[in-house]
Structures are given as C-alpha cells and as structure tokens.
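First the structure, then my questions, so here it is.
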Amino acid sequence: MILRVDRLQTELPPPSDPDPVGAASVQELLGGKFGEMSTFMNYTYQSFNFRNRQGARPFYDLLASIAAEEFGHIELVSAAINTMLTGAAGGNGSPTTFPDSIKGTRNTQQFIAGGAGALVQDSMGKPWNGDYVFSSGDLIEDLTHNFFLETGARNNKLKVYEMVDHPAARALTGYLLVRGGVHQVAYARAIERLTGAELMKLFPSPRIPTDKIPECQPHIQRGEHLKLYRFSVEDFREIAAVFNGPHPETGEELQVAEEAQPSGAPAHDLPAQPALFAPSPEPEEIREIAARLREAAGLPKEPTGVVAGNGDGGVVQKVKNAVS
Amino acid sequence: MILRVDRLQTELPPPSDPDPVGAASVQELLGGKFGEMSTFMNYTYQSFNFRNRQGARPFYDLLASIAAEEFGHIELVSAAINTMLTGAAGGNGSPTTFPDSIKGTRNTQQFIAGGAGALVQDSMGKPWNGDYVFSSGDLIEDLTHNFFLETGARNNKLKVYEMVDHPAARALTGYLLVRGGVHQVAYARAIERLTGAELMKLFPSPRIPTDKIPECQPHIQRGEHLKLYRFSVEDFREIAAVFNGPHPETGEELQVAEEAQPSGAPAHDLPAQPALFAPSPEPEEIREIAARLREAAGLPKEPTGVVAGNGDGGVVQKVKNAVS
Amino acid sequence: MILRVDRLQTELPPPSDPDPVGAASVQELLGGKFGEMSTFMNYTYQSFNFRNRQGARPFYDLLASIAAEEFGHIELVSAAINTMLTGAAGGNGSPTTFPDSIKGTRNTQQFIAGGAGALVQDSMGKPWNGDYVFSSGDLIEDLTHNFFLETGARNNKLKVYEMVDHPAARALTGYLLVRGGVHQVAYARAIERLTGAELMKLFPSPRIPTDKIPECQPHIQRGEHLKLYRFSVEDFREIAAVFNGPHPETGEELQVAEEAQPSGAPAHDLPAQPALFAPSPEPEEIREIAARLREAAGLPKEPTGVVAGNGDGGVVQKVKNAVS
Amino acid sequence: MILRVDRLQTELPPPSDPDPVGAASVQELLGGKFGEMSTFMNYTYQSFNFRNRQGARPFYDLLASIAAEEFGHIELVSAAINTMLTGAAGGNGSPTTFPDSIKGTRNTQQFIAGGAGALVQDSMGKPWNGDYVFSSGDLIEDLTHNFFLETGARNNKLKVYEMVDHPAARALTGYLLVRGGVHQVAYARAIERLTGAELMKLFPSPRIPTDKIPECQPHIQRGEHLKLYRFSVEDFREIAAVFNGPHPETGEELQVAEEAQPSGAPAHDLPAQPALFAPSPEPEEIREIAARLREAAGLPKEPTGVVAGNGDGGVVQKVKNAVS
Amino acid sequence: MILRVDRLQTELPPPSDPDPVGAASVQELLGGKFGEMSTFMNYTYQSFNFRNRQGARPFYDLLASIAAEEFGHIELVSAAINTMLTGAAGGNGSPTTFPDSIKGTRNTQQFIAGGAGALVQDSMGKPWNGDYVFSSGDLIEDLTHNFFLETGARNNKLKVYEMVDHPAARALTGYLLVRGGVHQVAYARAIERLTGAELMKLFPSPRIPTDKIPECQPHIQRGEHLKLYRFSVEDFREIAAVFNGPHPETGEELQVAEEAQPSGAPAHDLPAQPALFAPSPEPEEIREIAARLREAAGLPKEPTGVVAGNGDGGVVQKVKNAVS
Amino acid sequence: MILRVDRLQTELPPPSDPDPVGAASVQELLGGKFGEMSTFMNYTYQSFNFRNRQGARPFYDLLASIAAEEFGHIELVSAAINTMLTGAAGGNGSPTTFPDSIKGTRNTQQFIAGGAGALVQDSMGKPWNGDYVFSSGDLIEDLTHNFFLETGARNNKLKVYEMVDHPAARALTGYLLVRGGVHQVAYARAIERLTGAELMKLFPSPRIPTDKIPECQPHIQRGEHLKLYRFSVEDFREIAAVFNGPHPETGEELQVAEEAQPSGAPAHDLPAQPALFAPSPEPEEIREIAARLREAAGLPKEPTGVVAGNGDGGVVQKVKNAVS
C-alpha cells in the first residue's frame, strides 16, 4: 500500500500564458506508450507479480521503489498540463463563448470532458491502455524491457522538450530527463549484475548528453542524476545492492539517498475556471460550504493544506538563470 | 508523491489449489470498467486536476486520500490473482508441456504473456484504458460519478464473489466489499454536504447488506466499515469535515482513523514458477547472485524484506470460522 | 420494433457559413462517451434487457420511451454536423483541390471517409463503442447510472455550446439542454420513487440554470422542459406513474404529453457536394434515374418526401430574436 | 424521429434450458462487425447523411426504412440472448455461489457486468464500435457496401445457426436469414437501377438457398422473403420505385407491404434473476412500489403492457413442426 | 515467402517544401480502414487461408499476386509521407526548439514517436488494426469484399488527392489510382467468372474516370491501367485465366505483364534529421562506423545500395508537364 | 517491392486431429504484441522510414532483409493454425450443426468470421494493431527495441510450445525458435557494432538454450541457427558487415547464406470445409469453373501450382525421430 505526500517531486512555475496546443503535446508524456503512466504501471505490476521475492530481494526492491517514484511523475506531468491550460478558456462567467484560440484546439476533450484538465491520453487523444504493461515474470526479460522503455521515454521527453517551450513544460522535461536517466542506468546496471553483459556504453541513448539541456542543470547540480530514493520509510533497503558503481556518463559514484524521498515542493493552487465549472461555475459557494464544514468538524479556520506561494525564486528561477 | 509500505492492506490466504478459471474472472475486479484500476485512477486524476484546492480543501483531501487507498486495492487484487495461478502450470522444469487443465484456460495471456501473473485486463481480456477515467473538474459532478462508480464496483464485487469460490478470491471480495462500501458512503455524504440532497436511503446498493456476506464479517467486527484512513503521514486532515454522521445502514458514527493506514499484513512470497521462467527457469541462480550482491553492498546476509509466514491463523482463519 | 417519422424533433437553421472546426467539436455530442449515441444505446439496451417487466412496468415504460426519444437526438446532432459541413469542401466539380480552410481540418475523415458527413466518433476522432453501454439489470443501479450519464451529458452540451457558436450548433445545444434536463429529472424522480432518497437538490447539475441559455428560451416557453413524450402510439402509458410532481428548478408540475411525440420540423434537404461525390459527382444523373423509376412505379411525378422550406421564420427565428 | 412499438418482429420461444455458451456465440449477431448493430447503424447514418434527398428520394426512402427494420433486429437478438441466459445463474437468493456451469462461461461479463443480459459486444467480447459504420455519401458506393455487408451478415447468421442449436437461437437465425435476404436483394436491385450492372446471379451468397433451412420455412410460407415494409406510418413511399421485379432465387415478384410493419409478437416477460439483482435481489419489493405508483397516478390496477402468453402455439410451434 | 526488391514501384519526387499537415492526411492511405495496409493484409491473409488451392488455382493466384503488389503500396505511401515530412522539424542540431509550423501539427506522433516518419495509423491518429481484415474463406464473398474494398479505397485516394497538393502526394495518388483501378477490375471480373453476374457497368466507381486526373496520365500512357503483374518469378501463372477481356472503361484488352514486376525506381535517400535523432543526432558517426564495418567485411568501399539521383527528369517531370 | 515465392520457409505436417483450442492459443504468435505480425511490421516500417540509408547501409540492409524473412513467418503461423483447424467443424454438408467440440471453442471467430482460418488477432481475440510498431528513426534505439522484441517473442514461442502439443504447433515453434534466435543475435551484434556495449552474455534469454528443444534439433543440424539470408536476389549485400563473429551460445561463426532464401517446402493444399463455405459449400463447382477458365486461357489442363505431397518423410519426420 502507499502513503501520499501532498507535494510535487520538484517545483513547477505558476500559470503564465496559457498554451493549450503545447498542453496537447505534453499529454504524450502522460498517456503515451512511453509516457509516465507506462513507466508507473509497468514497474508497479512487475513488483506486484514478482515471484520469489526473498530470493531476488535486491531486484524486487529496485522495481518497487522506482515504481513509487513514477507516481510522482504522473502527478508532475498532470500539474504541468493543468498549469498550461489555466486561463485558456477565458475568465468570464458561464455559459460563455470560448476564445477563438481554443475553438480548434488540438485536444478538445481537455475542455469538453475536463475543466482545463489533464486526460489519460496521449498527444493524439488515444487513451492509455493496459496493453502497454509488460510483465513477463522473467526477471532478466522484464529488466530488458524496462531499459528499452526508459530509452523510448527519454526520446519522447527530448522531443516534447523540443516541441513545447512553455516554461512549465520545460521545467517538467528538464526534471524528468534527469530522473528518467537515473532509472535507465539502474535497469542497465541490474542487467549487468544478473548476466555480466556490459551495457554502459549504450549511454546516453538517444545520444544526447543530459547536461546539454539547460533545464536539467539545476537538478544535476543537486546530484539528482546520481541518486535513487527508496520512496519508503521502512522498505526497499536492498536497492543498494544493485544501484552502485560509476555513472556511465560522468564516472561519479551512484548512490542511494539517505532521505526516503526528495523534499520536492508544494503544488500551486491552480485557480478555478468558472467558464468550465471547475470546481463550479460559482466557486465561492463551495468555499463557504467548506469553511462551514471545517468549523463544524472542529478543524482550523484556515485550510490546513500547503500550496505554493507566489513564485519564491526556487528551482524555476534557477532554471531561468541557467538558461539565460 | 507517494511512499510505499510493503504490506497488503489485509491478509490473504497462501496458495492452495490453483484456480486459473477463477483467476480469469477476478481480472474484472482489476482491469474492468468497474475494477480497482478504475477507482484508483479516477480519484487520482480528480485529485491531480483539482482546482481551487484551498477553497475546497475538505473535498480535495477526501479524493486524494481515497485515491491512495485504491493503490492498495490494485495490489490486493493482483496478489489474489497471482495466488490463484500459483501452481497451475505445473512444477516441472522448462520447456515442458503444460497440464491439460490450462491448455484451454480462459485467459491464456496470464501464462503466455505473464508468468502466472495478473494482467491489466478485465475478465474478457480487454485492457483497461484511460477512457474509464472521469475527471470533469466540476466537483459535484465528479462526486456524482464516484458514487455511481462505487455502486457499479460493488455490483461487480458481489458478482465475482458469487462466481469464484477460491479462498483467495473470497478473502479478497470480502475485504473489498467492506472498504468499497465506505467509499460509497463517503461520496454520498460529500454530495449531501455540497447540495443538501439526501442520498442515504440509496444504501445498500445493490440492495444486499454487506453483513450478509460471511467473508465481510471479520472486517465489520473490526469496524472497518466505518473508518476512513488518511493514507498520509501529514496531509489530508480535512476529510473529517466531510466524513462524519451516521452510517446509512447501521446508524453507527463514521470516523476518521487515527492511524495513517491499516496495519495490514505482509504478502506471501509466492513461489517461483520455473516452467514459466518466473523469475527464471533456474531461480536458484538468481538467489545466489542476489546473496553475492547483498554481501558486496554490506547488507545483512538474509533478505531484509518481510513476507508472510506459514498461515498464522489471522484474518483468513477468522473468515473461515465465520463461514463454517 | 420502431416506426420512423421522417421529421426532426426540432427545427434547425439551414446551411450558412461552413464551420468544419466547429463540426469536429460537435462530434463529441454524437459519438463521445456522453454523446447521444450513449444515451440512445444505454436506455435502449436497458429496455431490451429489462427483466420482470410487468412487475416493474412504470420503470420499463420510462426507459423504453426515453430511449425512443434519443434516436431523435442522434438524428439531430447528425443534421447539425451535416449542416455545418455543407459547402466546406467548395462547390467545384471533382476531382478538385479543396480550399485551404479544410486542408488541416481537425476531423479529416468527415471529408475523406464521408461526404461532409457525420461520423460515429467523438471530437478526437475516437469511435463510439459498446463499452459505453451500462446495463446491469439492477434497476436502481441502472437509474443511478442514467442520472449520472445525463449529468455528464449536460456538462458536455454546455461546453460544446461554449466552444461552437455556429447557428446550427447553438440551435442544437439549446434544444438538447432542455430535453436532456427533462431526462435528468425523470431518472432522479424514478430513483426517489424506488428508494425514498431525495435528489431534487442536485438540480441543476452542473450548477447553471437552463433558462440562462438564450437558445433554450423558445423551448422553455413551449413547456418542453416539463414534458415527457411516450414516443409510441399505443405503449408506455405508465410513465405517468413515475414522471410527476414538481420540477426541481421551477416548481411547475411535470407532465406526460398527450401527443405521442413532438411535431418537430422537416429536415433541410442538404445540397449535394459534388466535390465529395455526395451523393455523386454528377447528382443530376441520379435525379433523372429517380424520376424515371418513380414514374415506372406509378408514383407521383414530384418527390413525395417533405423537406424544410426556405427559412420560414420558425423556432430558429425565435431563437435569434430571443438572443438579440 | 421514431415511435416505438412494444412488440418483437417475430415470435421467439420462451426460456427453456439455459445455454450460456450459445448465448456468448449469438453475441456475434449483435455486436460483431457483421451483426445487427452494424446493419442498424450503417443504414441509419447513411440516411442521416443523405444529401440531395429529394433528387434521390427512392433511394433515401429505401435506406431509411431498412434502417428502421434493423432496430427490430437488435431487439430480437437481445431477446434471444436474454432468453438463453435465463436461469443460468441459478434461482437461489443472493449472494450465492453460481453453478459450476457458468464459472468458466465464455462471456463472463453477461453475468458480472449484466444480469444475464445481452452486451454490445461480439462473440469474443470485443465491443461494437463506430468504425464499423460506412457512410461515404456516395450513393452507389454506400449501396455496394450494403450489399457486401448483408452478404457477410448472411454468412455469420448461417454460421451461428450451425454453431448454436438452442431453440431461441434457431428461431432467431431462421427469421433473420429470411429478412436479411430481402435486404440483400434490395441493395442489389438498387445498384442495378442506378448503374445497369446485373447482380442477380450473385444470389444466394453464400451459395446456400434460404429454403434449405427448416427454421426459415414458416417465414417463407408467409411471403416474408419477398416483402419490404416501410416501417413508417406516413413516409418512405418511394421504396416501391426500387424494390420491384423478380426475386433472384424464386422468380416471384418483390412487393412493398401494405401494412407499415409486421404484426410481430409480444415479448416474453423474462423472469427476474435475483442472484444477479435483475431487476433486484428482491423483485417483489419493486412490484409493490410499482403497484402503488400506478394507483397514485390513476392508472389501471394491472400492468398495461402486453407480454407473451404461455406458448400459444404460434410461429414457434410451426417452426418445430417444420423441423420435425 | 518473399524476396525483396529494393526499389519503389514508381518514381516519387525528392523532398521539397515540407508539408506536415498534408502528411497527416496521407496517413489515411496507409493505416486507414481503406488504406494500403488494409488491401495488403486482406489479400495476404485470404491467400494464406485459401483452401482447396489446386481446385481454385486461378483465383488463388489472383489473390496472392495482388497481395504481393500491395506491399509495394505500403512502401510507396510511407515514402511519400517521409518525403513530405523531411525538413519540417528544422535542420538545426539537437536539442533544439522546433519551428512554430509543427508545434500544433495534426499528427504530433510523426515527430514525437517517430523521426519525421510514417506511422501505422490513419489520418486521425488511430492505429490500423486486424479487425480490418476480412477473410471468410468463402471465395465469392471474399471477392465481393475485395471489390468493395477497392471501391472504398478509390474514394479515399480521390479525396486525399483533393485534400493534399504536395507533389509527392499527387505523384502517389496518381499512381495508386491507376493500380487500384486495375485491382478493382480484377476482382469484378473474378466475380463474373464465378457467378455470371455482370459488374462492368459499375465502373468507374466513384463515377470519376481515372483519365480525368492529370497525375494518372503518364501511367495510363504506359498501359499500367491494363496490366496485372505476377509479382513472382515462378508462380501465379494462372491469373491469366481470370484477368482478361475488355477493360470496362476503355474497352482495351486486359493483359498479364510479361515481366514479373514493374521496373519501378530507386527510392530517394532521405536526408538525416538530426533534430529528431534520425538516424542519430550525429549521423556522421554512424557513417564512419558503417564504413569501417564494410571494410572489415571485405565489401566495396562505397555503399552498394542504389538510391535515386538528383531529379533525373523521370516520371515526375512528365507528370508536371502533363499537369501544366 | 516484393516478389512472392509460393513456398513455406519450412515444412509443416499435414492436417491430423483438429485442435481448435490449441489453434486459439497459437494466434498469440500471429497477432499478439510479440507475434510475427509485430516482428514483420516493425522491421518493415523501420526500413521504410530509414533515413540516410547510404550512410548507414549495413544496418538498413539488416533491417530490410530480416523484415522480408518475417513475411514468411506470418505465412507459417497462419498455415499452422489452418492445419490445426482443418476438420474441426465436421465434414458434413451445409447448413449443418457443428460438433459439440467447437460449440464453446475459445476462438469462435475462427469459425464464424472465417472458414476455419487464421485471424489477425492474439490468443484472447484482440486484433493486432499499429500501435505495436516502434519506429523512432533513431537507429540505436530501434535496434534496442528489436532486441527486446525478439526476446519477448522468444518467451512467447516457448510458452506456446509448452501450451500446445499438436504436431503442427510443435513443428512451427521449433522452427521459429531457431530463426528468432538468429534475429535476436543479429540485433544484439548490431548494437555492439554501433556502441561497443557487449551484449552477448544476455544469451539465451529467456535462459533456456534452444538446443534443449527437440523440435529445434533438425534446424540446428542444418545450421539454420547461424545463418542470415538476404531474402533478395540483388540487394542487401551489406548485412555481412554486421552479422559476423561467434554465436554467443555455441561459439560457431555466424554467416550470410549464399542462397537468397531457404528452399523451404510447398504448403499442403488444405482441404475444403464445405460446412464453413470454404471456399464454397460446393467446392466441386469452383473446380469446374477453374478448369474451364484455365482451358480458355490456354493454360495447362492441370493446376500449375505446387503443393505438398503425402507426407514424404521430410523435416517433420526428422523432428518426430528426434523427439522419440
């Protein structure tokens, strides 16, 4: 089972100019064959279906903990899409007439089915499906798949980086490229440990060093390209048995983080979109009900949740500095 | 993001007689339109896409925490399926000839694509897909959907209960019926809080009281039909503002658990299936490699993970007693 | 079985400026998960699969008659799409080169697969499929679903209203919002009758009163928001046992129409599109053959079918007046 | 729009021994590529999308009226499936354990998703989808398609006839083969009228004369193999301009029926299946509510709907006689 | 089995201005229901599944040889798409920012999943699937299908001709219309031979003579509209028994080509797209490796493959002349 | 383009006892995610989309020639399925009643849609689709995919070997395991050549040496595990630059065959199935027409095609000997 930590794994910029066309493309990183739903679900089901766990514990721990990290990735891609869609439908009351800019938008369902929201689809509007999950039960084979999957995912992230230049998309792809790179190394190393085959010369694949991407720099500087987290308070200690040795590109030593997970950052509280009834055509009414319920339940007067402040010059600012 | 706790939310019996026909039916509860993938992903994406979180915090917290519980449900259904498939392909070496009993098995891909493993499919072999996720952004509407989804899910669980009598399937459905019932109440109560409509007379739906199911009894006796967990160490405290008042069937008071999550139980370490290469045709070889790696990494000699013992007379036994 | 009445349930404006981008969005109301194919097929199959009809006759009659109305809705959405596509491919002979305006049109198949025609797809080009049909056989549950389906459908209609401002689309959504609202009430009332739960405070959902939409006004003025038709000459008389009491928004009394169906209006005879071979690159040739065949069969010299005249100032005009 | 007549187009036998395996196969005639959903939806959308209706009226009328007949076919196939499934889940209360005979049934969703009910799927459990609809707008091409579709449908009906010998399935296929044959002739004749090509030597296709099928005999004896109905009170009179001349197999003259539709037969009131909650685990409760509502609404004390009596020796008996 | 000839069946122009919007539409001719994947796979599987081949040899030979030609068609459509996409992503190094012109391109996956490459999808991004294959085993019925399929395919080709005016698309559709026309005749003739039905008056269907298309002219002048190739060195000699008699439009005699296949033309060596990593971000590196490997294997210093020169005034030029 | 050689790549046994349950499973090797449609289409489209062919010629040649071999594999799997289905529907005339043994057969569409014929589906009846094709354009990545795909395919072949023991299935899997192994080596070697990574220790994967399978022995004895064919008369000579060095399991030298393709064996002329109308309910009639047409065209009196004789003790016999 899981415990949820209500923070994003990294900071994203607040909404700025909406970019619905870009948001339609970013969907590929969520619901595409090589999107984060695929990485999340592949490793999750491989961990569920893992037989002889005690006998192969370091490998089970590796799959289980990377799976947990991937939940944070579907969360992050969704947050980026939602950020990019904020404001696209206009701020007027409802029913209104949408701005011309979204009348022929590539992904109409982000507005018709959703409230300027992420969908479980790829960039062509095709739903993610369970056929994208590979779980053969054969450990070497599952790892071979995972190495390939991360390679395809890295390709897709690089392409979306090139296709979408909205700040939220770039902050997203910058982070995911670094973390995806770690997983790619982890699976290659696991194969090496099991078979003796030497895969490190396959890096980077595609043949573009991560440090050429400006938006990756802040994360590299914090050593995020070397670290695997256990994403568990108590479990998965044996990843250290697999994830070690030199990084194939930099030669630095791979390491298991001491902390269970990255500290991350609170999400922005994305504003209501009344024209889309999200969360209501009249959000103020819900706010009042919530306050009343909170009071009746003896909870604090102010909401207890933590959301991001007004651009406190965190990672996003550092990314911007690094780029310019 | 999430932290993973390497335990099941409830105890399942160890493998006994394999039941591949039953396991094919149980897939409906995993990858069917009303299976746990659907509940997990619906609430997860609704929480990701939630706008104006601070203003509607109690409702955000409700969605986010129930979403987290549902991860434990896909884990549990998978564990049940894997348990039921254990031994079905025979214990001989590989390549072998499978027993006649699975040559015409309903779900051939559990064996051909997997290693006697769960698939992200329904009981007809159709993959789960992202189209099953409803996330309109309109809070009342999302809750209306969720109440309906839990109703449909309850129907499916009852039907699978009737269709499959393998002990693992019955332990599974007994637990899920109780917990699904709690979610059904939670969403109905949330709608009441937001609109004033009174929905409690809709319970139970389908019109079969949970306590008529023997396998639900042990969980009811522990009060699991009244409790919502936050599934978070720090967050989602405001569910208490929504989830309160009398239970529609028993009149008992609904409550938020003090502990973050149920203590649950460790999973059984399901045995290797060499005929299916899970995790290898020669699992012993992997065990040796793992031991070597563990030693080299300075980890304990024995695996650090915790798995279930040999039938320690826990919930499963109580269920059996209650039934007989 | 059915008898067909060759009229639309309401008047639509004749073709004006083509709007292929808008027509691609309107597809959501035809083949989307919450489109009219879904309402039509859900209620149709629920009526086919209804067990114990005599014992639950008022509810069977309700499902069966609303199902029949929905056929008129798929007809109406198709007519709107076809109207909006008329002229988009240009009027020249064939083979020609299409105007630039449709070279990158969102739904290319409306022109490549069809002759500027409606498709059984949603707004992203995904075909409608039978998985969208829910028919559990459990009456309360089916009605719960239907209430939810109509809620989702109302959301989609409002969104398409906002996204597409072509006169045909607005006339369409104005009418469908009124009639969908009636069905939403009918299902909620049916649940109330069966369970005692009080759902009327859920209206309107989404929380936008229908009478705020100008294009709904003419229909409201004719009382179409209060009336259920039997859509049968002889059958389904018992809907009166369920569909009664006050309308949740206006307090007016719900009623069963005396006439079997609305009088509606003849469809426009949409002009041939020779560039798309619809019905032929040389329609005149077909006209001559038809005349010859009609004569040979002893039929009247002129076509016997009834089609709409040249804008006779009907509902459409009234809508326009109401809006301006 | 349509009016519904609450009768089946032909008589089906009442439930006898359940045949869930056969019912899974009969689904092919409902939701398969060549099933009745396909014929119904193809002709329906072709009639919706028909341009230049006045100029090509006889052909529009032909498509529109055959489309209407096909609604009766999806109703009939559903009724046959529901008949065959009646009793399969056992008659005990609920929750129960299903009989072994359906634990590994081919279509589990008929029981898990439905209440022993028809699904919008084919015989492999794949949902029908809108991609099966062909509507090019080109009249000759649409008719070419329809002739092919009826040919494929005839093949499928013959195969299901061979595969399933349950009396309901045989009564169904016997009727559908006769009526499908009429449609096949109608489309071929329409192509002849438009182009001059001579297609009649293509009959029968597949090369099995309909009159070799015993279950077709009663319908042939009533001349159902020669007749087209308008399925409309007022419209579609011009089918007579196309549908005439000799029948390709018998040489008899084709004719347009004087009555709007076949008189058909009332459906059997299929009994409740409490183990499947259809329409409820306690159907009696619904019956009482219905009686109360009927009374309150001033309706007759007894249900007003007409359902089939106790085997009144109609067509079914004649089929039996013809076969034996 | 097959032998591959590394040439295209006809000449295509070299890359010129990129046309990603057009390339998205041309996908319909590759992966659409009526695209070349469908013709290729239908005839291929019909030939694989053909029973009683010796007894029906002329028909088996017909299907098998046309199937072989269709491989060349999927190759040709892919080449046209790849040509149209060349240069669209810009020529800069990688990672870059794509030009605005493709940020909202209709088919994002041509760039994100591919390297400016063809996909096995239709023009809406829906993957081709095996459901499009009809192989009933009944010879007359399969041929009826094939005649219909070629009719639908001709419609689609004409529509894409109208929708896309890029030179590569026009050269493609010009050629395919001529060859598809031959197949349409072949299947109609085969039906005539088997049944005696006379189908030739169905030509052309759609009712647009091929010779009205300027881009068809060069192929017609070379007699390509009359000729069937065996596409085999030794086999399929009996197509001559079916494919003969007058062409339905021109009256010229149909003929079986003496040569096994058309001479065709070498493909252009489409340039690398480093921004898309196709075949690498640094293609020069691969070139050097290839040269080294070639040398080590004792192969010639220069690549042995044949690719098209620099616009040698072949068919393309003739097409241009014919058009202007 | 291609030329077809009307022979199978290896000999299959003639029909014996039908095995429809096994044939349903063998479908996984045809239309499954890891079936031969996938290998065929992946390499084919990778070769179509290959940019900078001259610069990377040895790799283009490798992909193009292996793609060509895979056509022979879809042919072979289809032949095996058709062989296994022969006789299953009984030999009686038509319309008949099928034997009980296929009334609940796993794949009903092999009989209803086909004439005891192969479908483009997997073992669960899900159609193959274009989403299974990976063609990134990045050469190293495509090869990484292909190595993984062959690994997954090898797993599936081993599993189907274990699940189905019909002689045709065993002859099929024995051959495919040997040839798939060659492709797996070829792609691994290509990656080594491009990157320097050493992959040979990954063999065999799954960890079962091919020579443990008796049905592989005859092919190994003929050296088929070491050889790559060009499958072209003139082209693809540069595969020799990549495919060389020692075989990872045996150490023997890899080699490029001198002959263009294996000599293979003629297919059996599978008998008509009149109950399924394949190729007709009265095949004799077709035979007579064929003879007449052959004569009229001046062709030899006897069919010119070559089909397998009556079990001439070829490879099949050798396999049997090796096994026993």
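Brief remarks on what is shown
Order as written gives the chain letters A, B, C, D, E and F; numbering starts at 1 within each chain.
Just so we're on the same page, a residue touches a chain if its C-beta (ideal position, glycine included) is under 8 Å from a C-beta of that chain, and two chains touch if they have at least 3 such contacts.
What you see is a predicted model, and the numbers here were worked out from it, not measured in a lab.
Homomeric contact chain D/chain F is classed as different-residue, with under half of its interface positions used by both copies.
Centre-to-centre separation of chain B and chain E, using mean CA positions: 50 Å. Centroid to centroid, with C-alpha atoms defining each point, chain A and chain E lie 41 Å apart.
Touching two or more other chains at once are residues 33, 106, 113, 121, 124-127, 131, 136, 138, 140-141, 155, 206-207, 276-277, 280 of chain E.
Taken chain by chain, the contacts fit none of the simple shapes, being neither an open path, a ring, a star, nor a full set of pairwise contacts. A list of each chain pair in contact follows: A-B, A-C, A-E, A-F, B-C, B-D, B-F, C-D, C-E, D-E, D-F, E-F. Contacts from chain D toward chain E in the complex involve residues 33, 126, 131, 134, 136, 138, 140-141, 144-145, 147-148, 151-152, 155, 191, 195-202, 205-207. Against chain D, in their complex, chain C makes its touches with residues 1-9, 31, 37, 41, 44-45, 48-61, 64-65, 67-69, 71-72, 74-75, 78-79, 82, 113-121, 127-131, 133, 135-141, 193-194, 231-238, 240-242, 244, 260-262, 264, 267, 269-273, 276-280, 283-284, 286-287, 289-290, 293-294, 296-299, 303-305, 307.
By the touch rule above, chain C contacts chain E in their complex via residues 89, 94-98, 102-104, 106-109, 111-113, 121, 124-127, 275-277, 280-282, 285.
Considering their complex, residues 21-22, 24-25, 28, 32-34, 106, 122-126, 155-156, 158-165, 206-208, 212-213 of chain B touch chain D.
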